[in-house]
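Written out below as structure tokens is the structure these notes cover.
Chain lettering (A, B and C) follows the sequence in which the chains are written, and residue indices restart at 1 in each chain.
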Amino acid sequence: MHGTETRKGADERLYEVGELTRVEGEGSLRLRVRDGKVTEARLGIFETPRYFEQIVVGRTPDEVIDIVARICGICPVAYQMSAVHAFEDLFGVAIDPAVRALRRLLYCGEWIESHALHIYLLHAPDFLGYESAIAMAADHRQTVAKALLMKKAGNHLIKIIGGRPIHPVSVRVGGFSRVPRRRELEEHRPALAEGLELAKETVRFAASLAMPAFAREPRVVSLRHPGEYPYNDGRIVSSDGIDLAPSGWRDAFEEFQVEESNALHARARDGKGVYLLGPAARVVLASEQLHPVARELLAGTGMAETIRTNIYASIVARAVELVHAYAEALDIIDGYRPPAEPAVAWTSRPGVAAWATEAPRGLLFHRYEVDERGRIASAQIVPPTAQNQAAIERDLVVAAPNVLDLPHAEATIRLEQMIRSYDPCISCATHFLDLRIEEAG
Amino acid sequence: MKHGPVAARPRVGVVKFASCDGCQLTLLDLEDELLSVVEHFDIIDFPEATSARSPGPYDILFVEGSVSEPAHLERIVELRRRSRFLVTIGACATAGGIQALRNWGDHDAFRASVYANPEFIHSLATSTPIAEHVPVDAELRGCPIDPDQLVELLTALNTGRRPQLRDEAVCMECKRRGVVCVMVSGGIPCLGQVTQTGCGAICPRFGRGCYGCFGPRERANAAGLSRHLQLAGDRPREEVGRLFAGFTAYSEPFRSMVTELGGARQAGRESGVEAAPTGGSDARH
Amino acid sequence: MVMASPARGPRARPEGPAFLGRADLQALLDLLREDGRTLIGPTLDAGAIVYDEITGVEDLPRGWADEQGPGRYRIHDRQDDRLFGYVVGPTSWKKWTFPSLVPLTSATRDGHKVGFEPVPLDPPRLAFLGVRACELAALGVQDRVLTAGPFVDPDYAARRANVLVVAVQCTTAATTCFCTSMGTGPEVESGHDLALTELDGGFLVDAGSPAGRAILERLPLRPATAVEQYGAAATVAAVRAGIGDPVPAAGLHDRLLAQLDSPRWLEIAERCILCGNCTLACPTCFCTSTTQATDLSGTTAMMSRTWDSCFSPGFAKVAGGSFRSRHRDRYRQWLTHKFATWWDQFGESGCTGCGRCVTWCPVGIDVREELNAIAPARPPAAETALVEPAAPSPTEFVTAHVTGTKAETGDTVTLTLESDHPALGRGGPGQFAMVELPGFPPLPISISRYLPGGLELTIRGAGAATRALGKLQAKDEIGLRGPLGSSWPLDRAIGRDLVIVTGGIGLAPLRPLIQAIIAERRRYGDVRLYYGARTPADLLYRGELERWKSASIEVALTVDRAGPEWLGPVGVVTNLFDQATWDGSGMVAFVCGPERMMQATVSTLAGRGIPASRIYVTLERHMECGIGLCGHCQMGKYFICRDGPVFSMAQLGDIFGREGI
């Protein structure tokens, strides 16, 4: 059931989508406007909780790495990265620089796959007026074929390093269970080089799309690192002065329960307002570290400011990051020498293991308490979509005036398109047990 | 398996219960074959990929995810009614998934542990496979499923033959590919001997032990393997139990091993373990 | 000793065995590659020595050795420069002669019509470097199976014809090798084009075919010296001696086929995981299946041949089900085919003794052990072979002296004894000693405890000799022979729940078992002890019973006749568990007591689901020598002193409890 219109009394409109499509996971949309004022803006999440934070209790760090990947099928690498770096930080494990490079390369693969999937298969149909990429392929077969090619190059990169693109198997505390030979990566280089060219076209394609009108002053948060675009490492920074170690998320942020709703949101402790994560945030905060190829393309679009204030333009930010991921992957492969050992030995220490990395959708924070036996005693996992939820609902409010004059069905599509601009990963957002399940209607 | 192709251009739906999305994504990840697939199959309902919706009836319905909340119970029955051929895809749908580890715990305690108003949490005490609720016509195992097996199943559905999904140990695949056994040469515990093949022996190829994500194979002698791991590997029972307490823990005989040895947090008792801190090294010795 | 074949026609080469210097080995490899052959040889990968494509000597595993055992393979540094100082690894040459996936035929279907197009044969030219004697035999076995019958496998024949074989003489052996028993090695004798024996400084070289001789003529060789020839011969002889003769191969065919109903198959089935590793690691196994790969429309298909195994579930399947669904039947099929019916089909054994199936079985099932158990060349020996006893001859005893005595009950005493002979303190639980006090007849007494440098004997005074022993004091000496006999097989109980049932003095031989369990308590599951005595005063080791309970052993006691202070059960010991709720199907039971009591107990335990192969009893008969030479303790085909006293009910079958046996 798609967008319903309900008129009740004077001028009350209800924009509702019972089950959002072309987003990962199960969510709903509900926007109620009365006399031009928004009385309700809700991103409903009705994924079933799977209790991951409970399941990992009593397990070992390497088991946790395998388990948390299953929080999300699109971004399993992100979960493995946040977890493994958290444990290595607590246990004082110094990984080989070649291992660090491989981890970034793995992350490049995931960004490529996730961004290509989202731009072309999930989001572009909105801009071009199709209900799906499958329908879009009837008129734009080449475009869709190229998108699939780009996605494949990213998936194959993960496969070379991790065994398979979804839920890779080789990430271990201390390194990897196996590292690729140079030859394996070199054999894939031509596909990545081709993907880079296609990614550059994607920036031009995204910048050419008609952007719906939308503007607000966002507060953005991401990692930032002086020497590289943020993936596994960097300080947590905001556009207004927050600056924390990657383990220090809780110093500035917290999860809380919204009154009258059992959804958990995340907010900044300083009460200065809702914040936004993801490609737009990273491009705003860390554009200096973009690969020169990507930075040049970004400048060429002239859309840096639009990206900052118009959430619909996130597709351009995503395309710029797609270029970056390809370019960085090629650089890493060219400089790759396998480490002496795939992993270093380690021993656990009791304490708190915490770390944040940049998933394709934004900052992903993990925190584990480890006991004397080296087992997990408790876990807290804060995915980007859970943190963006407040921003999505805020933006629904901001978007409301822009859609009031449109025909109802089109207005609803526009609102869905806005939600998709966040690339929400709803299975991630609902992995923990204390989330209210909202049924639409 | 019904004889003959399912339909001229079968109407296909893809639906999701409690899961991570990875198995549906495998369909979108077919890449080279995707456009060919959509020519042979009419995908009428696939919320992840298209806004076009249809309540069915479906010639083929792919179901991902486990039954995990009250609304699922009715929904799966209704979907079964509207499907000629129902295929479960992935460990969640075929075995209950990693989230089935909660089946050994005290569900009320889980819910109440953080939440002041647990009655708002709509989840069942157990996460169970689809086949425990409705008859299933075919299953693709794995966490996630294997893309080649998916194409094989689609081909079989299209041509009317039985899909070639081998039910043999992962060991066979390792030996065919010339992968050196990690258990024999590295002392690394590996569930491959009791796990159904289909993944191409990824984990041993990547230097670590199989963790059973394709589920137990026919006649899996889990008890024999468990005894061997304890005896020759000198491992405590609980460590062997945790090996079985993975993504297909709820399938027999893994389920009985977890119950007998420990490995999932069982209601009312801590997994009693000895002291040595965990550590690890993947360096071959 | 590899001898050069007699020359035919003019030869520029030295007569007799030739020697190739170490530095010239690369020249041989280069020659083979110049002839357009891809070299396949041993190289290191993922912690093992495997066969793979190589280009030069630098790819060989120089200075590496392997160490193999059931379910175990490790490599380590040899601390020298040997290039071939190991034996066979996980890969066999069939990877190239009989690959795991071979496209056979492409098939099309168009309307009514079908078409079949065999895939053209285009086998690569290969040279195998490093083929061992057992592998030469294996190549010969597959040659016979796949090319010498009425139907020939063309792919195999073509690939095989394109292989040049450079054999290497084994100069070492693994503990898993048994080529000697199978008549296939360790000497390289035939089937090779060239053979090398590695010595310090180089190789003895021998040609086994015209192709090999042609290559020799292009190599820089010199005559081998007498020292070199002698050294090579001595090395090979040492390898042969080191392997011994582990498998009684003579007559194995008939003996094995006579054992199709052996209870041992069921015991193996408990361990065997049906994983198929043995068949795929084996260089002679040849079972395959065909797979079809089609496009989505199904109009074109490629049929390929892939390795399969008789252990696979679908292997014996037909429309109605599988002909071989039971676990034990599949292992039996493999073993009997390999070692028995292969003879009937192909006139030779299917096994060449390479030992791969032993090493690469992840749970360590050893075919040699199984063959010896199922179809031994001589009557069954004791189930567990232990330490060599002290004084194993009819004329000898060692002396031990009493260091302590304890009155357990009115008529039973425990003597603590110390001795200089180390064997006495190192036996297994359930063994016994022959005890001799000069002037009295020798007595078999169960050892009720092992100590460093000694042991304990618990003795009930039932006759003159036992009463005399009961009166011994500290510093008194006696003669001992032992430990003798079989012991309780504790390793069968690891990971399982246990039941121990005993009456009266029967607890004495079970006490070291319980102590061994407590020492490693976490290796065992639930342990339940059911112990009955005539009266409360006749219960042995009362203080220890409490300690056992605190080690998580469940202890249930009963007596035939109670006094006023006894609050526990009264009645026969089987009453304690014949109504219990436990399911015996996974359990192990150990039983000791008067024979009547053991019969009733065994019957009750079997009724609770414990299989005969896991119920163990200990038997008593008149013993004079304790070492199977006097004939007194014979029972059926067993000598209780030597083959027992511990037996499984599967071993005893229906002679247990049979009058007059």
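By definition in this document, a contact is a pair of C-beta atoms (placed from the backbone, for glycine too) under 8 Å apart; a residue touches a chain by one contact, two chains touch by 3 or more.
Note that the structure is a prediction, hence the values are computed from the model and not measured.
J.: Which chains share more C-beta contacts than any other pair?
T.: Greatest number of C-beta pairs in contact occurs for A-B.
J.: Report the chain closest to the protein's overall CA mean, measuring from each chain's own CA mean.
T.: Chain nearest the centroid of all protein C-alpha atoms: B.
J.: Rounded to a whole Å, what is the gap between the Cα centroids of subunit B and subunit C?
T.: 36
J.: Round to the nearest whole Å and give the separation of the Cα centres of subunit A and subunit C.
T.: So the centroids are 55 Å from each other.
J.: Measure off the straight-line distance from the CA centroid of subunit A to the CA centroid of subunit B, and report it in whole Å.
T.: Chain centres of subunit A and subunit B, defined by C-alpha means, are spaced 25 Å apart.
J.: Please list all residues of subunit B that touch 2 or more other chains.
T.: Where subunit B meets two or more other chains at a single residue, that happens at 207, 274.
J.: Quick check on the complex: what are the subunit B residues that touch subunit C?
T.: Touch list, subunit B to subunit C: 33, 36-37, 40, 151, 154-155, 158-159, 161, 164, 166-169, 171-172, 175-181, 183-187, 190, 192-194, 207, 217-221, 223-228, 230-232, 236-237, 274, 284-285.
J.: Spell out the residues on subunit A that touch subunit B in their complex, using ranges where they run on.
T.: Interface residues on subunit A, with respect to subunit B: 1-2, 19-26, 47-52, 54-55, 57-63, 66-67, 70-74, 76, 117, 121-122, 125, 131-135, 137, 141, 144-145, 148-149, 151-152, 155, 162-167, 169-170, 172-178, 262, 341-349, 372-375, 416, 427, 433-434, 436-437, 439.
J.: Of all residues in subunit B, which touch subunit A in the complex?
T.: 16-26, 28-29, 31-32, 34-35, 38, 43, 46-53, 68-69, 71-72, 97-99, 101-102, 105, 110-111, 113-115, 117, 120-123, 127, 143-144, 199, 202-203, 205-208, 211, 213, 242, 246-247, 265, 270-271, 273-283
J.: Can you list the residues on subunit C that touch subunit B in the complex?
T.: 45-48, 50, 71-74, 90-91, 95, 100-101, 269-277, 280-281, 291-292, 294-298, 306-309, 311-314, 325, 327, 359-364, 491, 494-496, 522-523, 525, 586
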